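Labels for the chains are A, B, C, D and E, by order of writing; each one numbers its residues from 1.
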Amino acid sequence: MMYAVTTVAILICIGMAMARAFLGPSIYDRILAINSAGTCIVLFLSVLGFLMGRPDFLDIALTYALINFTGTIAILKFFKYGSLGVSDPAAPPKTKVE
Amino acid sequence: MLIAALGLPLLGGVLVSMQSQSPNTRDICSLVTAVLLFLLVLGFYPSVLAGNNPTLVLAEPIAGLGLKLTVEPLGLLFATVASGLWILTTIYGVGYMRGNSESNQTRFFFCFAISIAAAIGIAFAGNLLTLFVFYEMLTLATYPLVTHKGNADARRGGRTYLGILLVTSIGFFLFATLWTYAITGTLDFREGGILSGHVGPGTAMILLTMFAFGTGKAALMPFHRWLPAAMVAPTPVSALLHAVAVVKAGVFTILKISVYIFGVDFIAETGAGTIVMWAAAFTLTAASFVALTKDNLKARLAYSTVGQLSYVIVGAMLANAAGIIGATMQIAMHAMGKITLFFCAGAIYVATHKTEISQLDGLGHKMPFTFAAFFIGSLSIIGLPPMGGAWSKWFLLMGSADAGQWVLIGLLLLSSLLNIAYLLPIVGRGFFRPLPADDAAHASANTIQEAPLNCVVPLCVTATGCVALFAFGGAIYDYLLLLFPKT
Amino acid sequence: MFTALFNYWVVIVLMMAGLYIVMASGHLVKKIIGLNIFQTSVFILFISMGKVAGGTAPILKDGISVFSNPLPHVLILTAIVVGVATTALGLAIAVRIYEEYGTVEEDDIAEMDNHDQDLDIAEYQRIESGK
Amino acid sequence: MIEQLPAIVLLLPLLAAPICSMIHNGDYAWYLAAASCWLAAAAAVGLMAQVWGGHTISYHMGGWPPPWGIELVIDELSALVVILVTVFAALVISALRESLRPKMRKHRHSLYYAAYLLCVASLIGITVTGDAFNVFVFLEISSLSTYALIARGRDRRALIASFRYLVMGTIGATFILISIGFMYMVTGTLNMADLAERLPALSDNRVVQASFAFFTVGVALKVAIFPLHLWLPNAYAYAPKATTAFLAATATKVSLYVLIRFLFDVYGLEFSFQQMRIDLLLIPLSIAGILIASLTAIFQTDAKKLLAWSSVGQLGYMVLGVALLNTAGLTAAIAHMFNHAMIKAGLFLALAAMIYRVSSSRLDDLAGIGRQMPLTMAAFTVLGLGLIGVPLTAGFVSKWYLISGALDKGWVPLAAMLIGSSLMALIYIGKIIDVAYFKPCKPEHAEVREISPTILIPCWVFALMSIYFGIDTRLTAGVAGRVAESLLGISS
Amino acid sequence: MINMVLLMLLLASVYAIIRLDRLLTAVLLTSLFSVLVASIFMVLDAVDVAFTEAAVGAGVSTIFFLAALAIVGRQCKPTPRRKIIAPLIVVSATGCVLLYASLDMPRFGEPLAPVHQHVAPRYLNDSAAEVGPPNIVTSVLASYRGYDTFGEVGVVFTAFIGVLMLLGAGTRRTSIEPPTPTGAPKESMRKKVVLKEVADLVIAPVLIFALYVQWHGDFGPGGGFQAGVIFASGIFLYALIYGIEPAQRLLPPRRLAYFPAIGLLLYAAVGIISMLRGGNFLNYSVLVNDPLHGQHYGILAIELGVGITVAAVMINIFFSFSERSL
């Protein structure tokens, strides 16, 4: 029961985030909205496993979390540099802290 | 033996093509092959006269329908004519080509040999498919001959030649063949025909009409244009085309289809030949009129051929014994007559480089043999005794009378009169007009003499042949009765 | 009947929407997006038919006896791979087209091609008439 | 060993492909590719020998019996198509090396051969499989490799052609996928023989009917049946020279094979032709295709496009043969599949040789080439005669059967139309031959020489084959006739 | 129910994709579409498929699209009105055929539907005894229909060959101007500290997670394909944050280009070994004396092959695209 309520709540969240993604108006709104929709879906996927009684499928939620992260970075990089391959000349590779 | 008949000219062709370096060997090769082939063809007579039909299946590309060769009387006669005249054409061709120092002589003799092989194939074809195959082979093999000169005119002529022949043969002939196959399930040539009992008069008429017009080589109007167009070829080729292989293959095809696919009785019963007969009648009259208007010697002869071919078609369509026999004889007689005329035209060209009739004044005295032969050939074409042509014309008239076609008789006679009108004046110019003054003044007249011996001998032989055929008319008639076993 | 076939109907609409994008859009990349949607919708169709009411994922576990049908899953796994392969290749061609033409709009490209074609034909006619 | 032949014929090119891609030296890659193609061809002949006379081989992939596992099924029809694919692929690749040499960097050659081999392997895979979904998988390999091959074509228009083909091809493949899904939905199986057993009972089911419709459209796209042929002319015209020869010979033929398989074997004769009346759709479409494509071909100024349009028309013949639904028609379709593949491959190869020398396929650039490259042009002429359907060439045999098929149905006008379209073929082939022999050569091409034997020999092999199969038709019309009878359920 | 809600969300997102002319948004929405589809797969018990769709549709495809957009630009002309009609007609007609068919379809979830009666029961009932892995999808994928999967690897390999032929690898083009980036020009990297920190934390686990997915495929959702994609996205992440050149130093394209072939050959080698041992192609039972062990080893080996090929292909393709926009 609790899982069901949670699921419904998450679905509503997804819906709302998507509404913002469609309406825009600016591209930032859309990126942000889609990213948060993605996050909601991660939650949804994790809850779903419990709802269906097979919680061992958490892997999928985990995967999507990773993918969503990569995807968002890709979008932002694209957005900023117009290219995915650019390396920031100022940043020496493999340096952790400045 | 059949394989040999087909393979010999092909082999000869290959041998010829390998001898391009030494013209003498090459020409001897051609000649030897021609003679051997003629002897081989003659060798079939005993068995055919005994009533046998030797048969051979070469291959079977379509299930139940092979490339089949069969020797029967009609085909054998055609083969005899073709192979016999090949010898003469070869001798003449050697003289002509060397006399004019033409280029590409090897290709010329090679294609020549292939053409003869195709003609033999047509003669001995055992079914319609085989006939069609060799028919197309003949078209393709003669194409390089027609365009031999390779200039723009030759190409244009060649294009017309190939275009008309291929279009009609594929468009009509092949279609009719397939249709026949679909109706009867066979394409074999059989005595009494294969269509009888399978189709009604309407379909039969359509089919026969398609066959006749599809045989573009028979030059029925309006598909006769290729013949004058092909006049651009060297004269031996014209002789080959007009007298030996091509046109004769055309009318022979029609004859063979009428006899062995439709059956004479079937045509007579259904009246399937009506359209074709009148088309032919029109052609033979109209072509004679056109011939009258031509000043170019070869063009005039070409239209004469168009007309003469239609005699054969008319004979085939009359669908009675006399008609068929007349038609078959016409093939042989006209071949002999027309080849004489072309040899003469070629000889004149070799000797004087003149092509127009109006230039021929007075040449008869300089070239007596040539013009005498021309005279004999003309008489044979016209159909006057004592030349071979008389027989065929006679039987055709008899056939028309048997069929009760009085209008046709009138047209045939009219055409004969026109033949006189366009052929004899040529001889007249040669003998009875003086040499033109300017030519005489240049004294070049003195240099005009008979063409080389290679040219003159064959034309004398064929002229003699025209006379001889008159004597053998009875024998040929008896032989052709083999076609009608019942009567 | 409505609930029983609802899945299929939505899938049909989705497929057709994808197909519509492919056909109507002039932008080559958007066409590929359309293809993607079209294919993905077909995947839902397959997976829908494999569902068994009350079943769970076809991974054996003690105490569970009703499983959904694994075969459509296998097929669609393969099909997804095919889809991404097609997408990658399509995009690669689109990129090359952009490099050659400077645009990926179908209309513009068609115009440039027609221009090329006209040049070809004009050249041909010129030579024909010259002879 | 002999029982593993169905897998071996497929694996030879499929494994050679990745190895090729790892070889950086293009020449070595070529040796490997050509060798694997020839070995596959030999294996294909071995298969044919096993099934000759109407036997069937079933090979269980992974050792699982059908319908649970995937089965390879080889009968005379599939063996014929495998021979077609492998032998022609081997002949073309033998010529390929020469034609690629100047264009690409060496390693690109290896990739090119790899794509080529993948295409060959997948076409074999489509042909031999007995599983509906497996058809889709291999269809995709063949499509993807084809797109890549076409995109490497001579100019930028090749890219567009390839992209259009990709879009249409993917739509087609997805349609096929939908159709397979529908079939599976109502039968629960993917095995083709199993499907054939279960589908007849469901012939009133709308899902089956829709699956039939989707399948037909999807495959029609791949076969390029008019009016879904739009991708073909440009794809063939702008593809790299010798690649066109291979594609024209094999790709559409294999799709047609799939169509025949499904129409007759999976859906069944009764369902396809008596209930769905697919013939009523195919006959007018193929007629329109033949006429329009032939007419368009006549007006082309580019030799390659001309031949490509001619391909559309010739495919119409094959589809028409299928739709006629009598022994002669079906025999014609199957025989023409083989014959046309041979003729068109040879024609494109000969043309490729000429393009290689003059760097253009426009007709006016080919002027006088018959004197510069007499042997190539002679081969072209022989093959062209085959395309027209002149007797004693392979093309004649298949056209003969096709027209017989039309006449068997009593459709005289159709037969007349077919004859007419042969005349159109005469015109468009005549156009090229005329230009090549009778137009004066362009001055800049005066130095053009005969092509090297690596291309010339395959060309002539095609030409001689075209004549050989015009005379000895046991392999083509013979097999086709037996297959036609078994497809139509006539016991001979 | 959940399923229906998700489907409605899908409809909404597709509608938005059709309406929006901005390509970037369209790509983003496509990625969202894919995740929603993955959720639906999850709801419909297709966990393996959901896994794949999430990784491929939302991850790899999106990144490919972005990489392509980086080259071709994001502008898209709106469809002119006159061009709408013909597609609409075709689409409606096709849709009608499908709707017509849908009326005879087995009801959704119906346990007695033909698909559940034929063929599949053997997989459900006997695969544990015949093949072994508890994940039936893996058994079917790798063993019963292992030949299909072989074909699938072939498809991926073909795409790799195709992209390599078209775009090349390790060849940079600089002639094409990349579209001008929006937003501020390159800022100092000070603001990316967080990003880098997170990335460094995440990348290694991603790669390890990929290995887990690879070997755990027998027991839970996952397998070679998913593992390959996840491994590839780990590399993508690295390349995105540090740039493509460092990534290529890590994985030199020339050597990377061997791996797709190696994976495919590994797969085929398993099949050939079984042929040499007297079985049919891909018959793992004959690999060792015990058939069940044979199946186990066979599946492990071919899954590894799939994983290698997929990961290598995806990385290669990504490199090929992103090099072009440098």
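Methods note: a residue touches a chain if its C-beta (ideal position, glycine included) is under 8 Å from a C-beta of that chain, and two chains touch if they have at least 3 such contacts.
What you see is a predicted model; the values in this text were computed from it and never measured.
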Contact-graph distance - origin chain C, target chain D: 1
Set of chains whose contacts include both chain C and chain A: E
Centroid-based (C-alpha) most distant chain relative to chain A: B
Contact-richer chain pair (by C-beta pairs counted) among C-E and D-E: C-E
Chain occupying the middle, per Cα centroid: D
Between chain B and chain D, centroid-to-centroid distance (C-alpha), Å: 45
Distance from chain E to chain A - Cα centre to Cα centre, in angstrom: 18
Whole-Å gap between the CA centroids of chain B and chain C: 66
Distance between chain centroids, defined by C-alpha means - chain B, chain E (Å): 76
Junction residues of chain C, two or more chains touched: 15, 19, 28, 49, 56-57, 59, 61, 71-72, 75, 78, 82, 85-86, 89, 93-94, 96
Sequence positions of chain E contacting 2 or more other chains: 45, 47, 67, 69, 98, 103, 105-106, 113, 115-116, 119-120, 123, 145, 148, 151-152, 155, 158-159, 162, 166, 220-221, 321
Per-residue overlap in chain A, given as positions that touch at least 2 other chains: 52, 54, 57
Pairs of chains in contact (touch as defined earlier), listed by label: A-C, A-E, B-D, C-D, C-E, D-E
Partner chain E, residues of chain A touching it in the complex: 7, 11, 14-15, 18, 21-22, 24, 27, 30-31, 34, 37-38, 41, 44-45, 48, 52, 54, 56-57, 59-60, 62-64, 66-71, 73-75, 77-91, 93-98
In the complex, chain C residues that touch chain A: 56-57, 59, 61
Residues of chain E that touch chain D when the two form their complex: 97-98, 100-101, 103-106, 113-120, 122-123, 143-148, 151-152, 154-155, 157-159, 161-162, 164-166, 168, 257-258, 260-262, 264-265, 268, 271-272, 275, 279-286
Chain D - residues contacting chain B, complex: 385, 388-392, 396-397, 400-401, 403-404, 407-408, 412, 415-416, 419-420, 422-423, 426, 430, 434, 438, 470-473, 477-478, 481
Complex contact set, residues of chain E against chain A: 2, 5-6, 9, 12-13, 16, 22, 24-25, 28-29, 31-32, 35-36, 38-39, 42-43, 45, 47, 50-51, 54-55, 58-59, 62-63, 66-67, 69-70, 178-183, 186, 188-190, 192-193, 195-200, 202, 206, 209, 213, 216, 220-222, 226, 230, 233, 236-237, 239-246, 318, 321-323, 325-326
